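Each of the next two complexes has chain A plus one more chain, namely chain B in the first and chain C in the second.
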Partner chain A sequence: MSTIAPQFRLSRFIGSLFDIIFWVLLIFSLAGLPLVFIILFYIKLPVINGQLLTPYLALTWMADPSETIPIIKALIHTTFFHVVAFPGFGFAALIAAATIFVERKFLAKIQLRVGPLYCGKIEGILQLMGDGLKLISKEIIIPAKADKPIFWIGPLLFVGTAGALVSLIPVAPGGWVVANPNVGLLAVFATIGFFPIISVLTAWAANNKWTFIGGLRALHQMIAFEIPLILSLLSIVILTGTLNLSQIVESQQHYWWIVFAPISAIVFFICILAELERIPFDLPEAESEIVAGWLTEFSGMMYGLIQLGTYLKLYAFAGLFTVLFLGGWNGPMVWPPFPADIITHGITIGPITAQIAGLPLFDQNMLNGTLWFVIKTVGVILLILLPRGVFPRIRIDMLLHTGWYKLIGLAFINIFIALGLLYAGVLGPGGLIQ
Partner chain B sequence: MATQLPPGIQLEKVDDRIMTLNVGPQHPGSGHMRLIIKVDGDYIVSCDPDPGYVHRGEEKMAEYRNYIQNIPHLERPVIHDSCNILYPYCLAVEELLGIEVPERAKYIRVIASELNRCIYTLYWLAIYGIFLGHSTMFMWPAGDRELFIDLLEAMSGARVTHAYLVPGGVRNDLPANFEERCLRQVDYLEKRLKEYQSIFYKNPILISRTEGTGILSRTDAIRLGTTGSVLRASGVDYDIRKKEPYDVYENLDFETVVRKEGDSYARSYIPYLEMFESCRIIRDAIRKMPKSGSVRTKLKPNPKGGNDEVYKRVESGRGSLGYYIVSNNRPEPYRVKISVGSFRNLICMPYLLKGELLGNMPSVYWGLNYWPVEADR
Partner chain C sequence: MVDAVFLALSVLTIGSAIVALEIRSLIYGSIALMITLSGIAGFFLLLDAPFVAMFQLSVYVGSIAVLILFTVMLVRRELIFNKIEDKRRRYAGIGLMLVLMLGIGMIIIGSGMKSMETNSSSVDYKKIGEDFLTYYSPALIVMALVLAASVVGALTLARREDMTNDQRTD
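== the complex of A and B ==
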């Protein structure tokens, strides 16, 4: 007899499952399907290969691979797919989830532990899923004296802002970026500027002394490190003459900017550690001093959202470091080309030879670029994770001193180096190195 | 005019700049106690430690049990340092009952208490690491102390609450092959301690965080009555194992570690350096220990102390630890008073934290080598 749920009967449980399935099917067919068709009636349908893609036609094409591939290809070039799946949120969330797992295992190896082990049998690979389920199923507790609307909206704003940062990172050549404004770098700076506001808002809204101190610390820290961060990237702007992130990547086909701006790269790396509130700069969440800082009152999935946003932000900053200093998607061609005879002769299955239009789905440059981008970004992420294993926490006065005195000075040094290279005619238009 | 207050109650004048923080008892950085801290911005204006959350009345309990029954519950205040908290009790009861301890038992007691001091200090070091946000320094000592715990488990049968030291000697003899095993673990610990130094004590962030903070001068340290590592970090060469040697400490070869700075860094460094001395003592004791012989003098059943009083103290992981026992011709002691180092070091906390940054609170607090459960007894 199970002592956890003494009233549990398997037959009753399966019966209830059938009940649920019956009602879902009934409601979907009576109310859901008409609703879908009503909505489809108002949506402008896409035109593929000169044909209007009605739902009926889409269902017909599903059975025909020569028509399905163009549909998929048309889908993956829509903005919706960009935002939801590949260079946008889905891809970033996947990397963020992998980062959390790798961080736990990596840190465990440094600290002579094993890390997550049981969940998912193989090295605790499902630990993250378990944690997510736990966070979702936990109660969300709102403090009685909290400013409720702002407290509720804080985690959503945080994830949204982190997502905005993710959307600016160009992943692969050929327009694989959600938003590609000509002032991309300025957009990055503008987005980063939102984070301290969110921290202070939620900290103030929670109406707690620990969150208040943590929020103020986050504000001080982020503002102190935003200025050296911006200054360190100015040298890249001077060298490339553009603010567009895709063009900055294209300018690094022969050499990476870390060669000419190493001091900028170091300053930028330290600044992103501070912006991400990672050890040694995790003062806003210093647990032995101020409980959990500005996250103290968050519980359940609200905390989960903040964690998701934090790791999205981590991916975005690592991607930004890759794009600006490590050449982004540039790298030797290692991805094998798509077999040419499938395009020219089609696929022969028994007596049938199918000529499939639209292959390959992704071109070789894009896959190769993505591979190099991911490799470099994961390397940077590991470097960001490493200090957590070897450093204690810094103190607020030392932090502000580092931000306002040392890093700003260092960032200026590299600006002068960049200007010198430009005026000496080494780099830039008409320079020695093209 | 404000309403009339009841007699004896005064309203405190509240400054708008001052914020009162209740650090503990439900706080990750407080332990089983509460610190009422008033901050002006990020600077601590005043600190009022409020211990007493884990008072268990050990002293009163001791009055209702006889001298042997008192052993298991008197080690409860510091289960991580159980041999050292039982040591003065055993010494005092032996003097009270007039028991001679066999020579081999004296060496085994020293080995056990030095092993236990290392276990305690490693635990303390682990908490010190996590208080400063260094999670590796939390995991490494917490893992390495398992080896010494295994040793003591082989000696006594229990992992933490050993109850190994008893009046008249030790509870049972050493297990087979203990000497080689112990020397091997001690060698391993010394190797690991050098790694701790490179990851923690030589870390520039740690040094800049703790150096020059919470300075306790030599005169203040003596005036406030601090003991143990806090006293030695302020430049006072005072170790009870040297000054009033008990059992066989006078035969053993070790030195007192003293530093002159009196800051948080020195206070955190002294226990670490003392682990090397503990390793030295263990090696020396194993060399000089008689290889065979009795380890316990049999007591009479339900022994009675005379009309006498006795005070014995030892150097524990947290400083001087003394027992004052009064007996009145009965099997139970008339009064047992435990004087612990933790409580005496707690007294200087308000002096040290005044004017410090809030970020220095964990390092100063835990640098005092304060164990709330022991202080409350």
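== the complex of A and C ==
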């Protein structure tokens, strides 16, 4: 076994840990605490339950759940929480991370391999964490003749744009969406338009032939498939008469739009595969032809960011498919109601009975909606992953032919079907089926 | 708040427009152009017109800027740009711009826009669609014809009769 650090002494290591702790405590108490007080002096603290939210009482609240729960309830309805945790980044990143692992296992099972196995004993469950640690600890290498500003900012912009797409997806009823503009679907189109720019700019900035070829392919492919993508969604807009994604979900209470727009759904699904650069449309990163396409020069956490952005995008598109065609959060009520005796009598543990006010943190509808949304989205994600284990990569002329000829024609067919249903008075506002 | 956003957007838009004109690197110039176009989308958002803003983003940034970027990357610079360094041209250009802006500003101020109500609610995009299909339908038809003609023209230009593809097997 080779030694990584030959001069290593455990006693010195522990001593250095204590050193670090000492300095952190010293600097925090001398500089950090005054800084905290100065900041607290300026920010306006919210009033919850008629009581000012002062951080000096934090320990008191922690000891008393009846004080903590209103604060948590107020917190989960803030924009900050929406953006960072639940319908926004945290939730999406969790699904994205799970997708990365599930993809490897799923493809392995399809192809009769075992997939990740050793890391974490049980079916390689810690593989993802290991990969993440590796990416974080790896050196970031910038090519010598690269255009550094664009090269640095590319992965960040990619993740940011994917996050913008995620923020438009409504997850549960009752306003569980980060941004709910009236022109939500148009905002989706506008956001999708940024991806080819980012990929071609980073590809150009890396100053490498493989990346540039990959970037041009990405540009061709995404532009070619953007038009059928937009056209396939027009039939939904015609049927619902709105561009707001939450209202589109609400219009599917009784039936899903995939029933009336199956061709649109198929076209949209193929376009998703192309926009996500997944097999059979993964020409921009065809690893057997052009190394890794436009990702060739990225290393370390920059590649990690691109990976995160890709899977956030995957979640966002799968969520969009669910929202537009599969009825979003609609589904039969399967979530059990919050036990009523806890609200009335409190929790009894042995001799102690704790009365906790305002306990159901989330209402039943929201939890049920989230459950259905996640089930449907995971199903769509698995459908998106499936072709990777089954299909080969297609040629670029076939890809462009598919995008520019066949899919556009198919998308128009369903637009005419939707118009026919609308004018015949079957669907839409004032139609036979409401 | 709105004033601060307006000022920031103005600085961003005009600044990046100047950068787009003046910078040596064509790629950075096209990026600056994208920022300018996005800034204009921001102005539309401030004007309570998210519909127009989203179309500004998806059409101008998503398509036209990509086209410019594509051209700049693929074509050699000497082939499309013949550079003439001339101080007088620059001043003439700035003067022309000032004259144009003054003229347009006079027209706008004289057109009774000052008496416009600023507190009215934003126009719904459905109303825009209705207007397009009723009162402005001739304009819509003309626009459609122009676009169709340009599509046909582009197809005619791109069509190559003399080229045969030996590699294709299908």
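Rule of thumb we're sticking to: the second predicted complex is superposed on the first by the 416 of 434 C-alpha atoms of A that agree within 3 Å, B and C clash if a C-alpha of one lies under 4 Å from a C-alpha of the other, contacts with A are read in each partner's own complex, and residues count from 1 in each chain.
Simple rule for what comes next: a contact is a pair of C-beta atoms (placed from the backbone, for glycine too) under 8 Å apart; a residue touches a chain by one contact, two chains touch by 3 or more.
Owing to the predicted nature of the structure, the values given are computational and were not obtained by experimental measurement.
Visitor: Should A:Phe362 be classified as contacting the first partner (chain B), the second (chain C), both, or neither?
Guide: neither
Visitor: Classify the contacts of A:Trp404 with the two partner chains as first (chain B alone), second (chain C alone), both, or neither.
Guide: neither
Visitor: Touch check for A:Ile394: first (chain B), second (chain C), both, or neither?
Guide: A:Ile394: touches chain B, not chain C.
Visitor: Is A:Trp204 in contact with chain B, with chain C, with both, or with neither (first, second, both, neither)?
Guide: So A:Trp204 only meets chain C here.
Visitor: Could you tell me if A:Phe81 is touching chain B, chain C, both of them or neither one (first, second, both, neither)?
Guide: neither
Visitor: Given the touch rule stated above, what does A:Asp282 touch, chain B (first), chain C (second), both, or neither?
Guide: After superposing on A, A:Asp282 lies in contact with chain B but is clear of chain C.
Visitor: Report, in rising order, the residues of chain A that make contact with chain B in one complex and with chain C in the other.
Guide: Shared contact residues on chain A (touching chain B in one complex, chain C in the other): 397-398.
Visitor: Could you pull out which chain A residues touch chain C in their complex?
Guide: 147, 150, 181-183, 186-187, 189-190, 192-194, 196-197, 200-201, 204, 216, 219, 223, 226, 241, 243, 397-398
Visitor: So in the complex, which bits of chain B are touching chain A?
Guide: So the residues of chain B touching chain A come out as 19, 21, 27-29, 42, 129-140, 143, 199-200, 203, 205-206, 208-209, 357-362.
Visitor: Name, in rising order, each residue of chain A that touches chain B in their complex.
Guide: Residues of chain A touching chain B: 107, 110-113, 209, 213, 279-280, 282-283, 286-291, 388-398.
Visitor: In the complex of these two chains, what residues of chain C are touching chain A?
Guide: 27, 31, 34, 50-51, 54-55, 57-58, 61-63, 65-66, 69-70, 73-74, 124-126, 168, 170
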